[in-house]
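The same chain A turns up in both complexes below, where it pairs with chain B and then with chain C.
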Partner chain A sequence: MTTIAEMPAGFADKVLSAQSTFRSVMDAMARPGSVQRIEAASGVPAPLMRGSAAIALTLFDQDTPVWLDAKMAATLDVAKWIKFHTSAPVIADSSVCSFALIGDIDQLPALQRFAIGSNDYPDRSTTLIVQVPSLTQGPAIELRGPGIDGTAVLRTQMAPDLLERLAVNHALFPRGIDLVLVADDAIVAIPRTTRFVAKEG
Partner chain B sequence: MTTSSLNDQPTRRQAAMAVLSHAATAEIAGHLDAIAVPVHEQLREPENGLVMLRGRIGGDGAPFNLGEATVSRAAIRLVSGEVGFGYTLGRDREKARLIALCDALIQTNEFAAAVEVQVLTPLRARIATDRQRKAAETAATKVDFYTLVRGEG
Partner chain C sequence: MNAPTYNFAYLDEQTKRMIRRAILKAIAIPGYQVPFASREMPMPYGWGTGGVQVTAAILGTNDVLKVIDQGSDDTTNAISIRKFFEKTAGVVTTTSTADATVIQTRHRIPEAPLHAQQVLVYQVPIPEPLRYLEPRETETRRMHALGEYGLMHVKLYEDIARFGHIATAYAYPVKVNARYVMDPSPTPKFDNPKMDNCPALQLFGAGREKRIYAIPPYTSVVSLDFEDHPFTRYKHDACCALCDSGDSYLDEIVTDNKGSRMFVCSDTDYCETRQSQGHRGSENAAPYAESKHA
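Showing the complex of A and B:
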């Protein structure tokens, strides 16, 4: 249990750090599969990574309910830190959250449990922020879709069935789930328009 | 820490806030210069925001939203772990930071007395003098309306 005396700090320079982090996330979303760096430095409560902490400080606010998976919610540290620095409500119902912080990708709940938006408001969907061990090593995945010239290759340790589960984005469009993978300070975005065309060993 | 100082602390911090929020930024900074401020970090960088002011007509009517006011706030943590908070009306972020710093300092045993003597006491005296002068100026403009009472007798 953290008291406020032990809580990690937020961004040292709020405006510039939030701007540069936003830029990284935007570039990642615009070019799915490309690895972007997060340069902004902030305090990081365990088990958050530097990248996910910066994204939280940049994108979360009082209008974006946040859901934490079992690993993130294991101690109150992350929830309290989010509450103090971003005023975002941390909720238990994943079906209405704007962001979900996933610490353990192997325990990712069924995607149907998150918000997928509506045809009128596809933006009212959940953005999953998923922490993975690495974005440079692991089985290769070929990505295709808007923002990718031909194909892009992503190497990461994802749960093997996650690709198949993400295929619901095909059927749901324009509704769907957006994904941001974080490994330390590196991020890769997989928006709902990205298709996985092939998988090599 | 003794029980009495634990009970005193909220009162002491409230009293300090009452003084600091009425002081000017330069004044607080000037008085703080006399103290060797320990190492500290900004837990929450000074920021501006809005708060909704609520009013009640006559002081006891139904509450209504009067309007929004700008507020600056900051949180500072000393290296020894004390956390100070500063909230002040207006957009003066530096003032919020200084108030947070003072708030953190008066929670420590070693700096509480110094802040009380070097910062709060002179500011309190200055604010009291200003208030008295203003009251005196206002009192000088007082008009007695007794001549308007119709004299029947």
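Showing the complex of A and C:
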């Protein structure tokens, strides 16, 4: 049982840390495939990574229901930390959450289980924050779409069927989910506009 | 200097989070107008409350801010917004397009090409391009959902039927990423081609109408037109009287009661940069004397 005193801290400087983290996320979202760094430091409850913790402190609040996957919800640490520092409700129904924290990409639920918005309000959709082992090693995946000058290359371990599911997500446009991949303090965003081509190697 | 009674960049953190989430959604859905809970700002609607809120939400201590109003760094609106952020965020401000990392603009896109490290923030009065054609929000939302933009083409066609050409000269509708028709804010249509495939991120804030939308970098932005009436840029058939530029957007200035007029660049930074490089226009044959403003 974690007491408040034992709980990992939030940002030391809420205002400027949130600003620098947001700019990294904004740059990542505006330039899919580009690896951005999160510099702000905070306490991190396991199994959250530094980057996901900073994003949570930057974007979560009482207006954003959060869903945790099985790995994140294995202990109460993450849920308690999020509730204490951001006031965000941690909910069990993934179809109405604003953000989902995914600790195990191989166990990523079907994307239809998240909010994909409607054609009238495509913005009412879930943003997935997905932790991956690395964003510099792994098979190369070629990305195209808005924010990318020609093509960009993403290197990460991703189940082949996930690419197919993300292709379906792209086809749903303007509905769909957006992904932020996190590996330690590095992030890459994959908005719903991005198209994939798997490459060799 | 940071005014001690306000949070950094004026807005409270809860508001910034809400705006930041809207900005991320806007980038993910290029051209779609994301509703947001616009706040009252210490300036009247129409003075850029939407742009100011977007700027406040993205601005950091390392940013260099430039604010222009109709291309000019020196008009009341531009100066007051620049001072606002000097006071509430303590950021460095500049008039140089190349040096700025965040440029807030009212009704112009700078002449100098933007680069990938920059964010252009537009102040938008009416974000809905279909609003004057269909007053009901429920209907325009449906039209965007269905991608049904026939009405806009009818409007442009009626221009041709009445005037022989597309007479829309500003707020000329564009299609972003081949999906959403978007109002580029009341920029002259001269500026429309600069939005296409632009290396900088473009964000649009409409305070009164409570909408944020965006164009990510390197995104296709096509001005609506017809095969037999293709989109054309428009500018006055003249050169700048101060810097002799033949390819910048010009303001017409009436100089007396007898109909005399001169044309000068709307973008003051562009014009001053050219003058300092030695370019001279018809009204400015003498060496450039006025000292650069601080």
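Everything that follows uses one rule, which is that the second predicted complex is superposed on the first by the 200 of 201 C-alpha atoms of A that agree within 3 Å, B and C clash if a C-alpha of one lies under 4 Å from a C-alpha of the other, contacts with A are read in each partner's own complex, and residues count from 1 in each chain.
By our rule, a residue touches a chain if its C-beta (ideal position, glycine included) is under 8 Å from a C-beta of that chain, and two chains touch if they have at least 3 such contacts.
Since the structure is predicted, the reported quantities are computational estimates derived from the model, not experimental observations.
Annotation for the three-chain superposition on chain A: chain B and chain C fit side by side. In the superposed pair of complexes, A:I4 makes contact with chain B only, with no contact to chain C. Chain centres taken from Cα atoms put the angle at chain A, between chain B and chain C, at 90 degrees to the nearest 10. Contacts of A:K14 after superposition: both chain B and chain C are touched. Of the two partners, chain B and chain C, it is C that touches more residues of chain A. When the shared chain is aligned, chain C comes close enough to touch A:P191, but chain B does not. By the touch criterion stated above, A:H85 is placed in contact with chain B alone, chain C being left untouched. Here the smallest spacing between CA atoms of chain B and those of chain C, following superposition, is 8 Å. Residues 14 of chain A lie at the contact with chain B in one complex and at the contact with chain C in the other. Interface of chain B with chain A (complex): residues 41-45, 47, 77, 81-83. Partner chain C is touched in their complex by these residues of chain A: 14-16, 18-20, 22-23, 25-27, 29-31, 58-61, 63-64, 98, 118-120, 122-123, 125, 127, 146-149, 173-174, 178, 191-193.
For chain A in complex with chain B, the residues that touch the partner chain are 4-7, 9-14, 84-85. Residue ranges of chain C in contact with chain A, taken from their complex: 7-8, 13-14, 16-18, 20-30, 32, 34-35, 57-61, 116, 141-142, 144-146, 177, 179-180, 199, 201, 214, 216-220.
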